[in-house]
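Taking it in order: structure first as structure tokens, then the write-up.
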Amino acid sequence: MPLRGSAFVMFLYLLFLLVPIYWLVNMSLKTNTEITSVFTLWPQDLTFRNYAVILTDPSWYMGYVNSLIYVVLNTVISISVALPAAYAFSRYRFMGDKHLFFWLLTNRMAPPAVFALPFFQLYSSVGLFDTHIAVALAHCLFNVPLAVWILEGFMRGVPKEIDETAYVDGYSFPRFFLRIFLPLIASGVGVAAFFCFMFSWVELLLSRTLTAVNAKPIAAIMTRTVSASGMDWGVLAAAGVLTIIPGALVIYFVRNYIAKGFALGRV
Amino acid sequence: MAQITLSKLAHSYHPTPKSEADFALKEMDHVWQDGGAYALLGSSGCGKTTLLNIISGLVRPSHGRVLFGETDMTDAPTAERNIAQVFQFPVVYDTMTVRENLAFPLRNRGKDAEYIKRRVDHIAAMIGMEERLNHKARGLTADAKQKISLGRGMVSEDVNAILFDEPLTVIDPHMKWELRTQLKSLHRDFGHTMIYVTHDQTEALTFADKVVVMYDGRVVQMGTPQELFETPAHTFVGYFIGSPGMNLLDATVQGSEATVNGVPVQLGANYGSVTGRVQIGIRPEFVSLTDEEGLPFRLTRVEDVGRHRIIRGEVFGKPMNLVAPEGQPVGADARVRFAWQMVNVYSDDWRVAPIGARAA
Amino acid sequence: MDKTQNNKAWFLVLPVLLLVAFSAVIPLMTVVNYSLQDTFGNNEFFWAGLEWFEDVLHSDRIHAALGRQIMFTAIILAIEVPLGIFVALNMPKKGFWSSLCLVLMALPLLIPFNVVGTIWQIFGRVDIGLLGHTLAWLGVDYNYTSNALDAWLTVIVMDVWHWTSLVALLCYAGLQSIPEAYYQAAKIDQASRWSVFRYIELPKMQGVLLIAVLLRFMDSFMIYTEPFVVTGGGPGNSTTFLSIDLVKMAIGQFDLGPAAAFSLIYFLVILLISWVFYTVMTNLDKRDGV
């Protein structure tokens, strides 16, 4: 009987999560006339026009490409600088380590709104405005601390004897790190990468502020185009659905690590 | 307290078991007497823990029934069975103090405060934790935690049975001996039915009145330590109990004589004619070296283990160990002789009962 | 774990330090700079001292935004934390259904913030949204664009929809780390369902719950995009939270001085509360490590 109850609770909760998403998908497959004139629970007049609009127009679909470029760039940068730092925090005591660690975390706590304007000026002054790298670097502000935090948690779980054995066996530090240590915390790297991807992909305030044309993310294009062309609900919904897909794919690939991943290596 | 009966009990973790190999526990009928001290012995993965969990109701058997006294408890949840169980690794409630931990089973059973205090103090003295009663359980060492788990298992006086699942694995050797003695005296004082799972034969033989040996999902023998030693019902019992285990030789048996590679060996009783894969088994304690007639023995190694020596060697290419007193001379090539009353006969690994004379 | 003292470890931390310094310290200095000066345009700046800070600290507008912000954060924490725990307790423990739940639950977390806003903006509309339409059909007078209460409800339900899964997944991870023997022992001890929760599950979730509360506190305190897309801060100023107000001030009205002072105070408030959380958390870690 308790199983029944649980299943019922989960059913209600998942229903609550999925119905709004269903509604978006539903709308994306309708014509604008159908959306505004009649109220239907599923498309009466199934159409892919809304998707066709997006996938044939470079000013639309380049938004996806831009978003993916800076998200991937950010993930790569965040993980590669966070790895050695996390190793240092997990293995050594050094002057000011605790303060440094907390200071890093404070950047995760900084409201992006605070940084929007100064970032705009900073990246304009160094000529990086409207480039993918600018957004990738800006997102490092909150992703690097998070990556360090997660990786440190996973690395703490690897016994120190492994390091010592490797040094005794004559491994140099870089070779030990790449050949032995990294494979051991592979799932931690995956988890950290997942979170970097997630937070970079969903963030809009900074990415919109730092781009104008060339690196504009899809999410920002969505808001602009719609307000300019009036109420093209169908295309708006289709664009929304398309932004959900990369996230859904990423989740699907890491599905077996999600539970462990959300513990951030700390359980 | 009640007698526990397992009737046609079998368990499989597969939803639709096809062959015997799918069963973690093969069909068995056993009665566990009220107030008995049983040790459940066997190598890892033989189904000991499954059997224990079926008795306590944590696992529902896929076939057969479990009875407490006359009552069918097969479908009764654990809470209704009124059983105590101690697990292999410590389970303590971290946020509670040691005292609260020990009192927990009694509180849940609705005992009054005065009684709880008396019992908790008594148990705390028994496990040597009086001074730390008001400490939080979090942060204690593993063996202190395990002592608390043991204490929680023993705190209720009116349970139907207390089950121990290799409870002393994480305890250091000195304390192990101490706690085992405590368990033994608890059993004497209260007469609970106790079932003690272990893979350590010394632990089993010192704790229990009756030892139950399991092998590959089957109870192969249930008997006193002496029975296990003298008349192992299965070659596994012979091999598992004793140090070193029983010697086994392929043979043919006719009447009261066995033949090993053409050499006749005298048996203690008449077995008629035995079929299947026939082996004779003899404990190393009942084998002696001789210059006279016997099986040819090739010595490989002599181990000195204190009061006696273990002599290892081969007979017709099969290992043969014997226990010899300190100081007896050992020749490189000799013959071995068996105490013929102590030879057992096995067919397909199961012991064959002799006809007449010395029935088991 | 025993750590060795080694100041050379600084070299390993150096890349992170440079990167974060570039993207945090320099902008932060700019903000501090603005907060102390005044401008009449043309890039001419005058020393303004602590004037902006005084203004901000006495501004009714910002007080109101702060009040709304605190109320919003308190409400969503009060809903999401218990609900998240409840959902986690009801999730299947293993097998196909558990993977399915995990995947579906993680879905809202990977939707860009403004798309989350868009989904609810559409969903709540009386003319084309399922929720709005259904409510209207039931005779409820619901309109999030004109009624402040409806706007609040919509924003809160949206946030619950968006983030409860994060709390639930964190708790689920905590629950997964409890060995089966604990539940078995509780059955043997005849513990009630409540006792199992109180003495086994809750203590094990403590660590992850603190992370969950910390993350939800920080993120909800900085929330910007989602309510902005749905309500634009309205009707009136009823759903104007701190970040929305700040962006309005900095980019909309270009009041750099007050905006910068506001930013710093805002940042310090979050920092202070997070520091309390962090201290509690590391102390817990130490206690567990004994």
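First chain written, first letter: the chains are A, B and C, and each begins at residue 1.
We adopt the following convention: a residue touches a chain if its C-beta (ideal position, glycine included) is under 8 Å from a C-beta of that chain, and two chains touch if they have at least 3 such contacts.
The chain lineup, named per UniProt: A = Sugar ABC transporter permease; B = ABC transporter ATP-binding protein; C = ABC transporter permease.
None of the values given here were measured: they were computed from a predicted structure.
Chains that touch both chain B and chain C (ABC transporter permease): there are none.
Among the remaining chains, the Cα-based centre furthest from that of chain C (ABC transporter permease) is the centre of B. No other pair of chains has as many C-beta pairs in contact as A-C. For this pair, chain A with chain B, the centres built from the Cα atoms lie 56 Å apart. Averaging C-alpha coordinates per chain places the centre of chain A 16 Å away from that of chain C (ABC transporter permease). Looking at the complex, you find that chain A touches chain C (ABC transporter permease) at residues 5-6, 9-10, 13-14, 16-21, 23-24, 27, 35-36, 39, 41, 77, 80-82, 84-85, 87-95, 97, 100, 102, 104-119, 121-122, 137-138, 140-141, 144-145, 148, 156, 160, 198, 201-205, 209, 218-220, 222-223, 233, 236-237, 240, 243-244, 246-248, 250-252, 255-256, 258-264, 266-267. Residues of chain B that touch chain C (ABC transporter permease) in their complex: 53, 56-58, 77-79, 83-85, 87-89, 91, 93-96, 104-105, 108-109, 138-139, 149, 152. Contact residues on chain C (ABC transporter permease) toward chain B in their complex (touch as defined above): 179, 181-182, 184-185, 187-192, 195, 199-200, 203, 287-288, 290. Here chain C (ABC transporter permease) touches chain A in the complex through residues 1-10, 12-13, 15-17, 19-20, 22-24, 26-28, 30-31, 86-87, 89-92, 99, 101-115, 118-120, 122-123, 127-131, 133, 161, 165-166, 169-170, 172-174, 176-177, 204, 207-208, 211, 218, 221-222, 224-225, 229, 242-243, 246-247, 250-251, 256, 259, 263-264, 266-267, 270-271, 274-275, 278, going by the rule given at the top.
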